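We just call them A, B, C, D, E and F in the order they show up, numbering each chain from 1.
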């Protein structure tokens, strides 16, 4: 049932148009073509779910799948989601080059090349993700089976998203990569920038509040807990006071490090291999291999 | 395929009815009319997504939209979602006044007035949100474009929700406002009470775990990071030991303050303009303008 | 529009098959039957939403429901979602016993018994949840009504999920229980292991980042805030260095304890009744009843 | 992907507005309120499907229903679809009285009265439909079971729709009734005007092309085949040459008549009890009981 | 639950591939590009429903629409569905020219031109459809209002589809046109070839079984009933015995003709203005204006 | 918004229960198990659409499919829809044998055998359907391409459904077969009983109103038009006056026959090869090969 109301829509629509005009003028965008289309978060979500199914068909694929016919499912699913990814890649490249538009054919060729390289990496990705699943299973005393780990653990879901996103990030599709990261962030509370480089057998337990920055580098067999930050200490500014983008500014964490909940590690420092960082500890200087830092140990000494 | 089971449903249904009766007796609700309907989280989600599209048509609106026809889209979308909002407003007002029901016409009139005032604020809202988008773009070295910021950043999504929710909160629709806040909280891990007052050019980076309380007041150009709390120190109780509701109990943060990750600021204190609060710092007293507080600085002095 | 691309899918599909084969060999799973089907997260989500509606029909049930006909709705909804739960229970039991498969009839009988016991507990569950709702309403000065609390508060949503999950966990359906917990974790950022034992009148405010471990025991009228961890201090390993699963390793929190945001309580210690744990405090030893611990109090004394 | 097109939408929208204005002027509708809402075909489809499920729960209800819990399903489904029907009834009454709008309360009262009377008729309706199902089963040598008949036979689906529609038609909701009839017409090719009065044990086989007019009266145990028309011979006009609406103008078919495919029976004539009308026969005069009319008999000439 | 079955899918898939290969060889299609995409029936259905809403916004548009904001709805809906139509037009043109593919830009230009011309015709279309609605209202004594006619009458739905389809057919998009016709055919049982030319104020009552051929020409104010055929008498073959396509072979029906149910009119004959053709009559020769033909008149013999 | 109504649901639910009890008593069904589940029309619709896609992947499969990856799609789609068909087959067999229930394993084995045989027939089916498509293309002068025929022609859609249904009918799944037939009947107005035997290169043009009976036998290259009936003349009754089921009672139509619109052919007669049956002709005796029957020839009288 509707009512006898009058929202003065004509006036509101006009004012909103003025607001958009001002924004576009301020952004230097008044001369852009009128049909700019951005990649879609919804489509990317569908693509990632399909990829996850193709990578782990009997666990994340359709419930009625049988081993005997896995390959049909894997092949068809990949065909379908790579086509969809190709279209999103075209949209991102078109947006990236909107000031100097590429030829239509050139645009497509670039997008196809990226998607082809991406597809070729998938078998390797699956093997690396298997190491992550095993790391989760062995790292949590509450884990009952590897299948529970794959179905339920937010840390596993986050690393699947990240490893897919990182492939696209490396090949220049930073917007698609970021959308994928944020899909995982929204679902799990784990915020891994797609630029971060992460080694095999990686495990995040619980995970809510974890932040891993764009230039972080993480070795193999690293385990971290909820609310850990691998962040930047400060941002470099250029001569005009603007933030400099792309500088290495996040930690390097070497192999076999464990970082407990709430620890904060800031800046381009190195946590040496085999170190253990206690809960809530705050670290802003490099640590040698085999370090064992806790709040208690810190309080009895000067701050690292 | 179903089985030969028997859940003893008759008995369970009866016991559940008894449980509801007890609850209603204890709450003094036995005499309420039988058809009380509450606002819907699902409907509010649809309304907010439509409003976001109307505010940013080329980026959050439908993918095939072109500039030439933006106004049609904006006008129709507003018409549709304001009508839907009106119905939700009627539901909230009816619920609020359920002990002394309003006349049907009076109820509608009030709801229409609120929605009309809300609609009239939208152009101003868009301009303020533009300042938030720019703040995000300039505040994060990893941001590649303003479009990435609007599409991907949870902090931006949270502030869009908050500014909409705050308009409704101010005009008395506190339940609808709270539903909107919790939609953002669920998606982003950022928990801003709709009562909080927040100035222009506000940016939350990463965001998971941020909590901003009902009576907090935040100035312009403030930037905060994940897991920051602007909370209450203690709750005032009345003579009978019940919590007093609505008292100012959260911080005032003045213009140009930066608060790093994990900082906790509690109570009705004031953080002076231009201050920087370091990560994980715990603040329970007011700070003068230009303060620069870090864990290190705190350890060398008495606690603020 | 599609393009003239060629993903070399035959080769990729073959390589993915090899990766799966290796994984299965390594896991000793090559001889499992080909049609193993796992419980479904999507189905469990539907079941939980239906159960929540059946428990709170006028608030979480369908909008057009009237008191006069609540019982029909409750009965039909229970019938439908208990049937669905039965099928998920069969899937979990089949998976659990995949190495020594049960007789078909035996499998069904066990699943039916579990679901029947589960159903019989629902009226008690509703009464306990009512105490949680009242705890939330009385515990937050910003709460405007018990209905707002039930509709909006993530802490309430998390405890509804937990109490349901815990029933299944106790009866051996640990995978279904875990799926339910992770549904709540994803929506609210609150991570309660389904094994945790929690008393009546429990309230989590804000909640993002809360972690409560598998063997935690929580008394009545406990209130906790965002980012609180009730975790394990260290994991016991067996003779071969493997983590020992199922050992008591998380805290016991007695009645009437309040734990403020960011506090970390680790290990099988006991927080005595009536204690208050301040924000960000780190506790690894037992505390007597009535303790009042804050960062300030800790700094003036040796660490608890 | 969109293109650089320009549809001149402003001009088209303006011309369409002019066309609407002219139509409204011609129809004398320019002064009607702006928010007139019509009943919804989609909603009526949902209502009818729910009613069919409530009438035949084990066959047209949800697949997992069990006899033990039928009543819960029936009760809840009726509650839900009668509420929905009430809203559609309000819309029709408001539309009917749009020139002299009823008081809001009066409108609701009338709609409720109609729906209450409708609900009270449902048990009788079920019994009558059972006679139709048996008639179908006994009337078709290809029918294998009564369940097949209920699940598959378009004639059965058409009579379920008709009997529901006729109840509403009799009580003045002619628009809702017509919508229901057209839903069946679209699905089955059987066009029964909701005004037609039809006795028990009615069976239409195949059915495509059957037309039964508004004032037709059909006795018990009548069987008809595809493409049979029970139509009007000519329309009465009033003094000004306008068609007179509502006059009896369609046939009366008495008990136990069989009418074979393609027969056409026109005008307010009576087909006497027990008659058989052959395929393709054209009848425009009354027939005594026990008549047996075929093309051959009519023509007294040899047939192939 | 799945079973231990084995469909021999590898073999079946291979045999199906062979069958496709043979078909393609036989059709000379082995060298066509691999990504040929056809227009979509589902998309066309969505487009037509949107167009119908834009043409009749208060009756076929969204239920909450108000007159004050019709233009926003109309403009946005047209923008959206013309874009979708453009994409379907590109697909048809690409398919049509698949043996001698057009340049990408040329293809788009042609599609845009067609859609632009189509859009420009819509206001005229609306006025013609208004005459059809009035013809239905005045032509059926059972019609209660013009709104019932537009909402319920299959004949009205069929003519809306036809007039849209005919515009596209005339401009060369015969496949899209045919898809639209078949959507109406499936819903209403009325089969009007999109090539048929039909004047204003056209009304089909009941409609099931009506067939109107590709080259039929129908004047103004014509009324026809169910199961009427305006068909071809025989098909012309060329020298090699193949059917000649596109020859005029269906009737011309002049203004003000009424054709009753089941009449069959075949061949390129002319039914003169103002004629009445009785039910079931079979006509294969031209009739002068004002003819009145019935079975009785044809046979000169008594009828029942 | 809901109202203060009261449907007396308790009473209505009770009366409906009584009606069901009476029906079950009358049908001798009171002792059947409580969880009888029938096959689902909705599921069968999905299965048929998937099968159609697997048979004609580039035309009825997903729009983004490319030839290079057809086999993946075909294999996965078949795997998925044969599994779904298996479950429906189990339901039908369980229903068929409900009075003497089969062992669980026996039931499954039978269903699997039927589905395996069905699957093995699919390649042959595709080849036969190709002949039908060609027959449609060559038989209609309005057909523009074989793709248009497959996408748009209701006659082609009906024969795809029929040939699938007939396979199941022959193997005893008569209920599933009937459901498939009625899906086609509802969409196209063409009613072919799944028992009918139809040769290659079969074409039905327009099709609305066509009825082909259970025991009809149709040769190769037969073409029929709308409203043709191949029906039974009379039904045989047994000693007790009950209809005898399964007797041959419909026509045999030999190769190369054409039957024009509206013709009615009744009884177990034979229409000799190469005959042409004119429109509206009524035939109840066998015709020798090469017959040419029209209304004119039958009546030996002039026609208009």
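Methods note: a contact is a pair of C-beta atoms (placed from the backbone, for glycine too) under 8 Å apart; a residue touches a chain by one contact, two chains touch by 3 or more.
These numbers come from a predicted model, not from an experiment.
Student: Looking at A-F and E-F, which pair shares more C-beta contacts?
Tutor: E-F
Student: Fit chain B to chain C on CA atoms, both being copies of the same sequence, and give the resulting rotation angle in degrees, nearest 5.
Tutor: The two chains, chain B and chain C, differ by a rotation of 120 degrees.
Student: Chain C to chain D: how many Å between their CA centres?
Tutor: That pair's centroid distance is 52 Å.
Student: Centroid of chain B to centroid of chain F, CA atoms only: how many Å?
Tutor: Here chain B and chain F have centroids separated by 57 Å.
Student: Among the residues of chain F, which ones contact at least 2 other chains?
Tutor: Residue numbers touching two or more other chains: 1-3, 6, 9, 13, 34-35, 37, 64, 66, 68-69, 71-72, 74-75, 78-79, 83, 189, 208-209, 227, 262, 280.
Student: With touch defined as at the start, can you tell me which chain F residues reach chain D in the complex?
Tutor: Residues 2-3, 5-10, 12-13, 15-20, 22-23, 27, 34-41, 95, 174-175, 178-179, 181-182, 185-186, 189, 191, 193, 195, 208-209, 211, 213-214, 227, 229, 231-232, 235-236, 242-247, 249, 262, 264, 266, 280-285, 287, 293, 298-299.
Student: So in the complex, the part of chain D that touches chain C is made up of which residues?
Tutor: Within the complex, chain D contacts chain C at residues 1, 62, 64-66, 69, 71-80, 83-84.
Student: Given the complex with chain A, which residues does chain B contribute to the contact?
Tutor: So the residues of chain B in touch with chain A come to 54-55, 57-59, 63-64, 66-68, 70-71, 74-75, 78-79, 82-83, 86, 108, 112, 115-116, 119-120, 122-123, 126-127, 130, 138-148, 151-154, 187-189, 206, 208-209, 226-227, 261-262, 279-280, 295-296, 299.
Student: Which stretch or stretches of chain C touch chain F in the complex?
Tutor: Of all residues in chain C, those touching chain F are 2, 6, 9, 13, 64, 66, 68-69, 72, 104.
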